[in-house]
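Chain nomenclature is as follows: A, B, C and D, assigned in order of appearance, with residue numbering initiated at 1 for each chain independently.
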Amino acid sequence: MEKYLYIALFAPLASSLFVALFAARPKMLFTGIVASLLIGVSMIASFILLIDVNNYGPLHVTMMDWISAGNLSIPFGFVVDEVSVIMMVTVTLVSTIVHIYSIGYMDHDKSFNRFFSYLSAFVFSMMILVMSDNFVGLFIGWEGVGLCSWLLIGFWYHKHSASWAANEAFIMNRIADLGMLMGLFLIYWQLGSFQYDVVFANVKHLDPAIITTIGIFLFIGAMGKSAQFPLHTWLADAMEGPTPVSALIHAATMVTAGVYLVIRCGELYTLIPHVGFAIASLGAFVALFAASMALVNNDLKRIIAYSTLSQLGYMFVAAGLGAYWIALFHLMTHAFFKSLLFLGAGNVMHAMHDELNIKKMGGLYGSMKATAILMSIASVALAGIYPFAGFFSKDKILEVAFNEGAYFLWFALFIGAGLTAFYSFRLVMLVFFGEKEYKKQGLHPHEAQNFVIYALVPLGLLAIVAGFFEHAFHGFVTKLLRNYEIHIDHGVEAILIAATLGIAISGIAFAIYMYKRGGFPKSLEERACYKILSNQYFIPYAYERFIMKPFTALSHFFWVSIDTKIIDATVDLIARVFYKSGEKARKMQSGNLSDMLRWMVMGIVVLLIFAILYRPTV
Amino acid sequence: MITLTHYLVLAGLLFAIGLVGVMKRTNLLMLFFSTEILLNAVNIGFVAVSKYYGDLSGQLFAFFIIAVAASEVAVGLGLLILWYKRNGTVDLNSLQIMKG
Amino acid sequence: MEHILSLLVFFPAMAALLGFMVNKESIRAYAIGVSAIEFFLSIILWIGFDASNAGYQFVEYFALIPSYGMSYYLGVDGISLFLVILTTFTTMIALIALNIEKDIKNLILSVLFLEMAMVGVFVILDIIWFYAFWELSLVPMLYIIGAWGSTRRVYAAIKFFLYTFAGSILMLVGILYMAHLYYQATGVWSFALPDWYMMQIPFTTQLWLFGAFFLAFAVKVPMFPFHTWLPYAHGQAPTIGSIILAAVLLKMGSYGFVRFSLPLFPDASVYFLMPVAIVAIIMVIYAAMVAYAQEDMKQVIAYSSISHMGIVVLGTFAMNAEGITGSIFLMLSHGIVSGALFMLVGMIYDRRHTKLMKDFGGLASVMPGFATIYGIMLMASVGLPLTIGFVGEFLSLAGFYRISWVMTMLAGTGIILGAVYMLVLYKRSFFGAVVHEENKTLKDLNAKELTALIPLVALVVILGIYPKPVLSTIDMSVQKMLVLMEQKAVEQSTKDLIINANTVGGTK
Amino acid sequence: MLEPISINIASLNLPALLPMAILVIGALALLVADLVVKGLNRSFFTMITVLFIILDLGAVIGYNGPVRGFFDVLLVDGIAIIAQVIILVASAFFVPLSLSHRHFREFEMAEFYALFMFMIVGFQCMVVSDNLILIFIGLETASLSLYTLIAMHNRMKAFEAAIKYFTMGALAAGFYTLSALIFYAMTGSVEIYEIERVLVERQFEPLLGVLAATVFMLGALGFKLSLVPSHTWTPDVYEGSSAPLAGYMSVVPKIAGFVVAMRLFEMLVLSGVTWVEDILYALVVLTMTLANITALVQEDVKRMLAFSSISHAGSMMAAIMIGTTQANTALFLYWTLFMFTNLGAFTMLWIVRHRKNLWDERYQHPFSKFSGMIKIMPMTATIMGVFMFALAGMPPFSVFWGKLYLLSAAINSEYIFLALIIVLNSAIAVYYYMKLVVYMFLKEPTTDDATLFTTNASTPLKVIIGFAAMVTIFSILFVEPLLNVITKYVSSSGF
C-alpha cells in the first residue's frame, strides 16, 4: 500500500516539476493535460487508500530523517489515517477538477504552463500538510501552501493590486506562523518530540496551563491560514488571483488547513475545553461578521470569499466544541459546493470579460444556463436546504451548539444561516436574473467550453448528494476522532431543524422577492451601517493607518536618525577627535629653535617641581 | 671662609644663567656661549666636589668636559659659519624651513 | 593526508605568489582553477573526516617558539569543517562569477591571499596565529573594497579596516592575559587552544576576558551597535567583495563566539547570556526595520545579514546542542544565501549600473530566469521549510526557547519582518509593470552567471531537504564542547543552566 | 694632599678596549689612505668601513660573563654585547646605502666614513661602560660626529637640522653633566654601580637630590631617546638629513641610549623609588600618544616615520620602566626586528628619492608622491606596504612579535593598564601607516613614469631592501633563536 501513498504524495510534485520545465515557454496545451492526469492519478491513489484504510486501518511510513540535533530528531514521516485520507480525497478531487477547469479558464493566458506548475506545487504542499505524521512536517506543508498561494495570488504580478495582495497574504500568514512555531517549540521542550502519536500519547500528563498555552499558540497558527478575525483581511484581497486559485486554495483546501489542524489536535483540545469554547465563540463571531460583509458587497468573488470566511467560522464552532467529525464533514461538503460556486463565478467572469461588479450583470441566465443551474445548486447547498449537502453538515453544527448549551452561539449561527441564504441568492438573482445590465457595456456573454461544464458536473452532484454519506462518514472518521453524540430529544431536534430550514428559506425568499422588484432603494447606501459593512468595518483602513504607516515611519526613523545620525556619527566622531587633537598637538612643532629649547627646559622644570611637590615614600 | 656650598651655589647660579640664556638668546653665537656657560658651571662644581672628597675622578670629569666643550665649539662654529655663508644671518629665527 | 590542512591553508597563498607570473589574459582561468582545486581539497578533507570522532582531526603540530609556547597547530572538527568548505566554495563561486576587467590580476591575487587568511582562521588552533590570520584577512579586503568599490570606496575601506582592527586589539591583550594565567597555573607557556580549554578561570577574571574577546567578535559579526561599518563596506564593495564579506568574514565573529567565548569562559558566557541575547534581538528587529527602509537593494541585503546574524548569535548563546548546532548551520546557510543574493544584485548592477529599487520594476517579465533564482534565494532567506534557510533558523530559535520563550518570540518576529522587507524588495523590483525603458531590453542570465548560480540553488535545496550529514557532524562536536563547558564551569549555577538547557521537559 | 696613583698594566685588561680600538684604527687608516692615494671611490670607503665593522663584530662576539677593564671604567656585560651587536649590524647595513645610483657629495669624502666609524665608537663606549665619564665621552663623540654627518648632506635643510640638533644636544650635554655632578656630589663616585651601592646604603637620602639628578638625567637621555618634551628635534632632523642617516638615527643612537637608561633608571626603579617609576610611566604614555596623534596629520612620509619612531621609543621606555628580564629581553627583541623594518622603510625612501621635489615644494616624500604606486611599480608598493604593516604591528610581520613580547611582559608584571594604552596606541598608529598604503593601493597614480621613482635605485640598495623584506616577512623564524640568545645575555648580566 505504501506505493499508493507515495504515488498520491509525489504525483503532484512530479507534475509540478515536469511542467516547470516549460514554465518560461508560451502556452502548451499538453502541460495542462499532463498536470491534470497526474493529479488525477494522485486522486485515484487517494481513493484506493481510502478503501484500504477503511478495510485495514491506518498506514504509517517513515521516508527518511530530516533534521536531528541534540535531543531533537525530525523525520519525513507520513501517516494515512481516517482524517488525513478524507482530506487527501477532498483535496485531490477538487484539485483534479480545478486543473481540468483551468485548461479552459487559463486558455488565453500567456503563462499557461507556469500556472499549472504552481497549481500542482500547491497540491503537493497540501498533501504534505495533511499526510505528515509530525508537526514540523505539517509546518512544511503549511509554509508550502503559503508560498504557492503567494505565487498564485500574485500570478498576474504586473497588476499592482495582485502582487500587493500576494504579499499581504504571505505576511499575515507569517504572523500566524510565528505563533504556531512557538507552539511547536513548547511541544518539543515539553515532550521531546514532534510526532503526533508521541505527543498525543503524553500530552495529558502535562500541566494544564502549558496545554492551554500550546493550544492557544497552535490556534494562532490556524487563525492565519483559515483567515479568522483579526487576520482575515488577506482572504478577500486574495481574490486578485485567478478564479481557479480562489476555488482551490481560498475556498476548498488551504483555508481549511486551520480547521484540519484543530481537528488533528483533537486529543489536545479536548483537554482544554475553555480554549475550545473560545475558538467556537470566535468562529461564531466570524460566521456572522463575514456574512454581514457579504450582504452589501458588489464584487462577485469577494461575496463568495466572505461566505467562505463565514463557513470557516461554522467549522471552528464545531471543532471548538469538540465535534471534530462534524467539523471535518462540513469541511468536506463545503469544499465541494464552495469550489463549485467559485468555478461558476469564473465562467461568469469570462463571459463578462472579467467584470466583477454584480450590479453590472443580471439576466445572464439566458446566455449561460448550465453555469446558472450549477451555481444555483451550489447556492442552495450553501444556504443549507434539504437535501443538499450543506444542510446536513451545517445543521449538525447548529445542533452541536445547542447541545453544548451554548445557546448564544447557536443563535449567532442561526442568524448566520439566514444571512447566508440571503446573500447567496442576492448574488444569484443579481447575476442571472433581473435586468440585463451587461448590455450597457455592449458585452455578448457566452457559455464556457463544454468540457469545463462537464468538469463541474461531479461537483454539482456531490453538492447535492454528499450529505447522504453522513452516517458512513461518521462511522469512518470516528474510528480515529473522538466520537460526538448529540443528545437532544427528537421533538426539539425537529423544531431546530425546522427553524433553521425556515430561516434559510425565508432568507432565500426575501432575496428573490426583493431583487425581482429591482432590489433595495439607493437611499440605503447612504446609511452609516451600510457604509461600515461596505468598508469591511474599516478594518483594512485601520491596518493601513495604524500598523503599516507607523511601521514604515519608524523604520525610516531608525535608519535616518538612529543609524546614520547617532550610531555612525558617534563612530566618526571618535576618529575625528583623534585627528583634531593631532592638528592641535602639531602646533608644538613650531620649528623655532628657541621654542624647542624652552620645551626641554620646561620639561626639566616641571619635573623638578614635581620632585618637590609629589614625593611618594621610597 | 669659602665652603663647598659657596662653590655649588655659584655653579647653580651660573647654570641658571646659562639656562636663561639658552631660552632667551636668538643670536646663535650667544646661544652657544650660554651652553658653554652651562658646562663651565658644572666644571666648577666638579672641581669643588672633587676637592671636597679628595677624589680625582671629579677633576678628571672636569678636564673631559673642557675637552668636549672645546670640540663642541669647533663643530658649532663650523655649522654657524656654514649657515652664515648661505643666508647672511646668525639669528635662529631664520631656521624656520622645517616645522609642523 | 596528514598535511592536508597546511595544504588547504597555504595552497592559495602559494598560488597567489606564482600568480604574479601568470599574465593578465589567463589570470581568471588560473584563479578559477586554483580555487576549484582548493575546493576539492576541502571536499577531500570532508571525505577523510571521521564523522564519529568529535575531537580535532588532521592535527598538525610544530613548535615554533617553544620558549614562549607558540606553535604551528592545525586541526579541524565538526564546528570548523563546514566553515572551511563554505570558504573554499564561496571563493570559487565568487571567482567564477567575477566580471571585473580593471586590474583583475591584483584583485584575484588578493582574493587568493584572503582565502588563505580565511581558511587559516578556521583551522588554526594556536591563538596567536588565529589572531594573525584574523588581522591578515583585513588587508586584502581593505584593498578589494578600496580599489574596486564605488564612489565612497576609500572611506568605506578605511572604516572597515580601522573599525575591525581597533575592535580586535583588546582581544590581543585578552589572549596575552590568558597566556599569563596559563603560565601561572602550569609554569609553561602555551597558546594552544586545547591546552587553554583545560584551564579553569576564576569568575571575575572570566568576565573581563570575555569582554576583551567579545568586542573583537562583536565588531566582526557585526553586533548592534558596532555594525555601522557593514552597510558602507557592502554598499561600496565590488560584488566579489560583498560575497566574501557576507559569506565568510562575518562568520569569523560568530565562529569566535563558539570556538573561544563559550568554551573558554563558560561562566561569563552564562553571566552575559541575557545582555547578549537582548542585543541579538535588537539586531534582529532593528536591522530588519532599517532594511525595510532602504532604497538600495544591496543595502537591504546588507542589513538583512545583520538581522540574520542576530539569530546566529542568539542560537549560539542558547547553551544547548540544538541552538548551537542550529546557529552553526545558519552560518553556512546565511553564507550561501546572502552570497547568492549579493551575486544576483551584482549581476543586475552590471546590466543597469544602479542598485536602487525604484529604477527597476517588472523584471520578472524581462528576466524570468533571474527572477526565479532570486525568488528561490529570497525564500531561503526568509527561512521557508525545505530550503537551507529554515533548518538553522528553526534550530536556533528552538534552542533559545529553552532559555526564554518571550525573547524567542521577539527574535521570531524576525521571520515576519524578514518576509516584509524581502517581499517588498521583490515586489518593487520584480513585480508590477516595466516602467523604465532601459529595463525592457535587459538580457536574462548568461551561461557564466548560471554556472555560478546553479550550484548555489542546488545547495539551497539539497541541504534544505537533507541537512542530516552536516548537522550530525556539527552536533557531535558541539555536544563535546557543551560537556567540556559543563565540566570546567566554576559556578554551580552555570552547570545547572547548561544541564537544564540540554534536557527536555520540566520548566515552561 | 692627593696621593699618586700606581697602575698595574695587567689590571687594565686592555683587550676590553679592542672593539673600540679597531674602529678608531680603521677611521684613521681611512683618512691616511685618502691622503696618500688620490681619487679613491666611495665604494672603496664603504667596503673598508663595512670590513672594519665586521672585524669589530668579531671582536665583540665571544662573551664569557661580565668583564671589567681599563681602570674599571669598562663593563662588558650581556646587554653591552647585544647592544653593540645591534649597533654594528645596523651600521653595517646602513653604510652601504651610500652606494646609491645618484652621487652625493658627502659619500665621496673619506671624512664621512671616518666620522661614521668614530660615531660607532662613541656609541660603543656608551654601552660598554657604567662610568658616567666614559658614557659622557661616548655620547659626545657620537653626537658631534653625527651633527657633522648630517651637515655634510650640504643642503639648507641639512644645516638647519644639524644646528637644531647640535644646539639641543649641547643643552642636553649640560643636563647630563649637571646630573652627573649631583650624583657625584652625593656619592663621591661616577661609577653607576658605586653610586647605586651608596644610595641604597643611604635609603636614597636626600631623596630630593636623587630626584634632581634623575630629572636632569631624564632631560639628557630624553633628548637622545626623543621622549616628550625633548622630542621636538626628531621630525625636523629626520626631514633635514638624508634618508639613510635618518633611518640610522631612528635605530642606533636610541639603542645606546636605552642601555644607559637601563643601567641608570632600572637601578632606581627596582630599588623602589616609586617616583621615578611614576614619572617614567607618565613620560611613556605621553610620548607614545602625543607622537602618534601628531603623526596622524603629517603630510610627509619621512616626518611620519620620525613621529612613529618616537612612539616606538616610547614603548621601549615602557619596557625599561617594567624592568623585568622579560621586559628587557622584549626591548632588545623589539629593537632588533624594528631595526630591519625601519632599514627597509628608509631605504625605500632613499630609493624613490628624486633630485627635485616634484610633488611638493617643501617635502621630499609627501604622501601624494606614492599615490597609485601599485599600478606603476607593484613590487615596490607591495614591499613598502609590508614594511608599513610591519611597523603598525600587524601580525605576522617582524615588529608584531616584539610588541607581543613586550605586551606579554607588561601583563605578566600586572601592568594591564599600560598594555591597554600600548594597544590603543597601536590602533591609532595603524591609521597613519595605513594612510601610505591607502595612497599606494587605493588612489589613482599622478604619473605613470616609473623612472621618476627609480632615479636613485641601485643593486646594493635593492639587495638591502630584499634582505630587509625577507627578515620582516619571515621574522617568525628568527624569533625563537633571538629570544634564547637575548634572554641568556640579559639575565646573565642581571637585568
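In the analysis below, contacts are C-beta pairs under 8 Å (C-beta built on N, C-alpha and C of every residue); 3 or more make two chains touch, one makes a residue touch a chain.
From a predicted model like this one, the values you see are computed outputs, not experimental measurements.
*Asks:* Give me the set of chains touching subunit A intersected with the set touching subunit D.
*Replies:* The shared contacts of subunit A and subunit D, listed by label, come to B, C.
*Asks:* Report the most central chain, judged by the distance from each chain's C-alpha mean to the global C-alpha mean.
*Replies:* If we average C-alpha coordinates per chain, C lands closest to the whole-structure average.
*Asks:* If you count the contact pairs for each chain pair, which pair has the most?
*Replies:* Answer by contact count: the chains A-C.
*Asks:* Would you kindly tell me how far, in whole Å, the mean C-alpha position of subunit C lies from that of subunit A?
*Replies:* So the centroids are 36 Å from each other.
*Asks:* For subunit B and subunit C, let me know how many angstrom lie between their CA-based centres, rounded off.
*Replies:* So the centroids are 66 Å from each other.
*Asks:* With chain centres taken as the means of their Cα atoms, state the distance from subunit C to subunit D in Å.
*Replies:* Spacing between the chain centres: roughly 44 Å.
*Asks:* Taking each chain's centre as the mean of its CA atoms, how far is subunit B from subunit D in angstrom?
*Replies:* 26
*Asks:* Identify all positions of subunit C at which a residue touches two or more other chains, and write them in rising order.
*Replies:* 162
*Asks:* Two or more other chains in contact with one residue: find those residues in subunit D.
*Replies:* Only 163-164, 167, 171, 235-236, 431 qualify.
*Asks:* Find every residue in subunit A that makes contact with two or more other chains and list them.
*Replies:* Residue numbers touching two or more other chains: 586, 589, 591, 593, 597, 601.
*Asks:* According to the definition already given, which pairs of chains are in contact?
*Replies:* Listed by label, chains in contact pair as A-B, A-C, A-D, B-D, C-D.
*Asks:* Can you list the residues on subunit B that touch subunit A in the complex?
*Replies:* By the definition above, subunit B touches subunit A via 19, 22-26, 31, 92-93, 95-100.
*Asks:* Spell out the part of subunit A that touches subunit D in their complex, as residue ranges.
*Replies:* Result: residues 578-579, 581-583, 585-586, 588-589, 591, 593, 595-597, 599-604, 607-608, 610-612, 614-618 of subunit A touch subunit D.
*Asks:* Within the complex, which stretch of subunit D touches subunit B?
*Replies:* Touch residues, subunit D against subunit B: 2, 5, 132-133, 136-137, 140, 144, 147-148, 151, 156-157, 159-164, 166-167, 170-171, 173-174, 177-178, 180-181, 184-185, 188-190, 235-236, 239-240, 298, 303, 362.
*Asks:* Across the complex, what residues on subunit A touch subunit C?
*Replies:* The contact residues of subunit A facing subunit C are 23-24, 64-72, 136, 139-140, 143-144, 147, 150, 154, 157-158, 160, 163-164, 167, 170-171, 174-175, 177-178, 181-182, 184-186, 188-192, 209-210, 213, 551-552, 554-556, 558-560, 562-563, 567-568, 571, 575.
*Asks:* So in the complex, the part of subunit D that touches subunit C is made up of which residues?
*Replies:* For this pair, the touching residues of subunit D are 374-375, 378, 389, 394-396, 400, 404-405, 407-408, 411-412, 416, 419-420, 423-424, 426-427, 430-431, 434, 437-438, 441-443, 476, 479-480, 483-484, 487.
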